[in-house]
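In the two assemblies presented below, chain A is common to both, partnered first by chain B and then by chain C.
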Partner chain A sequence: MKEQEIKQLIICCINEYLELNETKIDINENTALIGSNAIVNSMGLVNIIVDVESSLLDSDIEISLTSEKAMSRVVSPFRSISSLVNFINEEINEESK
Partner chain B sequence: MKNRNEIFLITGTRKGLGQSLALHYLQTGKIVIGCSRNNASIEHKNYTHFKLDVSDEKEVQKMIRVISKRHKKVDVLINNAGIALMNHVLLTAKSSVNDIFNTNFLGTFLFIREASRLMIKNKYGRIVNFSTVAVPLNLEGEAIYASSKSAVETFTRVSSKELGQFGITVNAIGPSPVLTDLIRLVPKEKIDSLIESQAIKRFGETEDILNVVDFFINEKSDFITGQTIYLGGIS
Partner chain C sequence: MNWLLKRFEAYSGKTFICSESDHKTYGDLLKQVQDYKDTLVDHAVQRNSVVAIVGDYCFETIALFFALAEHKCIVVPITSTADNEVKYRLEEGKVDHIITLRPTEVAFAQSSRSNESSNNKYVLKLTQENKSGLILFSSGSSGKPKAMIHDLETLINSFEDRKGKNLNFLVFLMFDHIGGLNTLLNSLAMGVAITIPKERDPEHVCFLIEKYKVNVLPASPTFLNLLLLSQAHTKFDLSSLKLITYGTEPMPETVLLKVKEALPFVKLLQTFGTSETGIAKISSKSSTSNLIRFDDPDYEFKIVNQELWLRSKTQISGYLNASNQNFTEDGWFMTGDIVEEYEDGYLRIIGRNSDLINVGGLKVLPSEVESILIQIPLIADCMVFSESNPITGQIVVAQIVTKSEISSKELKKEIHRFCKNRLDQYKIPAKIKIVDEANYSNRYKKIRRWD
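What follows is the complex of A and B.
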């Protein structure tokens, strides 16, 4: 899966969640998923993580976004959409090695 | 009401209560996925067995992924796998404490964390954990076992709050002594005195436990969460 596809997949999951919660927010690659500027609360993040993981699984990509590796990073993968894209991309590349 | 309780995940299904629970739900036409450290003891077309240690994160994740691919969901999770230990605090080895907490608490945590991902997607789930009457009775000689189950009870209450908004209920059952492998090493006088402290003075039966589990997992029990029910009139 290419970087652009990963980004689209994440944005799609976030938009779906926002729509379900009747929230209208324009999102881009700098949109934060955690921290004071986050567009969702912790439960929203849980929802999005589950959706992204299962969407990846639909494409036969098995990645845990709550692994030790993800959670212990100095820069959290959830700081922004682009950092999440980077993390997933790294994991995919590592898997294929 | 549409029957949503189709896919059951039960830990510790090789023997004892876990095996009885699995057979019971298989008999009622459910699909049961079980696990234990050893090979399966159940052969049934609707039963799948995973040989794993419930405290092995990677193995648990792998199991849930297989279930996700095959069934797309888990409706009911019964965290039955558990080990008991009777020993004086001063005679308890650190490795025993690790083993007991790993199986009883960590295993419960891992299965809830992983299975609830599927339940969240489905906006439905019923989780039943196993505690023990050793918690409210503060039984001497069971400090580590009871402490691990206290952790399970607290985890039941807190996780019920965190998962409630996703349509997932989390409850626990604290069986009084049932004649299974788990209590085979407990001295008879200890068991007799325990039964004496119950309001209803008899051994628990598998049916007593099934009755409570059936109540917790009933679709109509969607307003019952974060509770621990003890059997035999212990409170």
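What follows is the complex of A and C.
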């Protein structure tokens, strides 16, 4: 899966979640999922993570976004959409090694 | 328990068991109890010894149960068929003799530890008082099954006030379960006919109700929901049914209403009890309400931090293989059941302490979420439980049986749409798994975990 596709998949999951909760926010690759600028609360984050994981699974990619590795990173994968794209990309490359 | 044998005599011409292979009267039962008492002596079964009956309900096991009670033994009913489960119960119960049911006869065996008599203080106390006892095991859903010891005499005597009736009861709950024994003792004290199912699936149960004109069906909410899903009630004539009692787990109001709609001529009553305290006399507010009220002079109850505490005349002396940490020093049993209080002393059982889900410090009751999910038209059945999650500690997950095909992604959207105005955000399942059937035990009780 290409970086661009991963990004699209994440944005799609976030948009669907926001839509369900009747929130309208324009998102881009700098949009934060945690921290003071986060667009969602912790329940939103949990839901988006589960949705991204299951969407990846639909493409036969099995990655845990709440693994020890993801949670203990100095810069959290959830800091921004682009950092989440990077994390998933790294994990996919690691898998295929 | 002399009174009970006298009743068997008084009811001697009445039907006791009807099944495809058997028709026995109360007279047959009384004779069999007397015969088994002699058999126990022939097999050198000492008074006050601990004796396991391995097998489920049938004429022989029931007669043996009362012969052993008469012989002042401590009875350990075991219905498991898995060798290791049976072995565990024989060991933990410190059983002296094992009686195994073979078709139409019973086989006696001494346990390997038969010369070393039990030195447990509760067993010794029953021996000193020359009383019979009963050992039941907890389900073990939270750890190893606990062996608990009842004073069987007191338990049996608590049924003495029952009046004679002409009815037919289906014995749904099992022989080694307090609810099952409650049905049995209740039936025998009233001299009613009992129907014993070979299988406990909805189709077979409905077949038996039609064939033997069963009037009373004790069941679990999970079983009743499966009955509705299978539509078995539409294939058989259930018009003989007068009463369905339900218990062992919380009843979602939506399921209760559906049962009433499907079987409008049936009265629905909740039962409540624990293996530790016995079954209490309670009354349901109505057939369509899951509110209950304790009406039992032998029971005291109080609510501490939303948990139901009970103290009863029929409660256990203690555990053989566990500490009495669920009991306070002054004898209150902390049931682990979470309840809500309503006007006029009514209560609603809403779940188990151990099933509570902790989402970022906020408590979620699986039954509350399930009662909402089951209202979604495309959901046939569901089960809610927790999964650990590093962000919120735990998250709410749901196993769903759907009525028609749908992707889990679409289903999750549907669920969130439906729940948004009905549940707080943290209670809405974050993870959904579509399954063919919900995970329930062979006792038709929900098992809240992924398998």
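The rule is simple: the second predicted complex is superposed on the first by the 97 of 97 C-alpha atoms of A that agree within 3 Å, B and C clash if a C-alpha of one lies under 4 Å from a C-alpha of the other, contacts with A are read in each partner's own complex, and residues count from 1 in each chain.
Just so we're on the same page, contacts are C-beta pairs under 8 Å (C-beta built on N, C-alpha and C of every residue); 3 or more make two chains touch, one makes a residue touch a chain.
Quick caveat, the model's predicted, so the values are computed rather than measured.
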Given the superposition on chain A, are chain B and chain C in a clash or a fit?
clash
Tell me which partner A:86 touches in the superposition: chain B (first), chain C (second), both or neither.
neither
Pick one for A:51: touches chain B only (first), chain C only (second), both, or neither.
both
Is A:71 touching anything from chain B or chain C once the two structures are fitted on A? First, second, both or neither.
second
After lining up the shared chain so the two structures overlap, which partner does A:62 touch, if you call chain B first and chain C second: first, second, both or neither?
first
Using the touch definition from the top, say if A:21 reaches chain B (first), chain C (second), both or neither.
second
Of the two partners chain B and chain C, which one touches more residues belonging to chain A?
C
One more residue to check, A:43. First (chain B), second (chain C), both or neither?
both
Chain B: which of 44-52, 62-70 or 116-124 bumps into chain C?
116-124
Touching chain B in one complex and chain C in the other: list those residues of chain A.
43, 46-47, 50-51, 54, 66
In the complex, chain C touches chain A at residues 359-360, 389-392, 395, 408-409, 412-413, 416-417, 420, 425-426, 430-431
Going by the contact rule set out above, which residues of chain A touch chain B in the complex?
43, 46-47, 50-51, 53-54, 57, 62, 64, 66
Once bound in the complex, which stretches of chain B touch chain A?
61, 65, 68-69, 113, 117, 120-121, 162, 165
Of all residues in chain A, those that touch chain C in their complex:
16, 20-21, 41-43, 45-47, 49-51, 54-55, 58, 66, 71
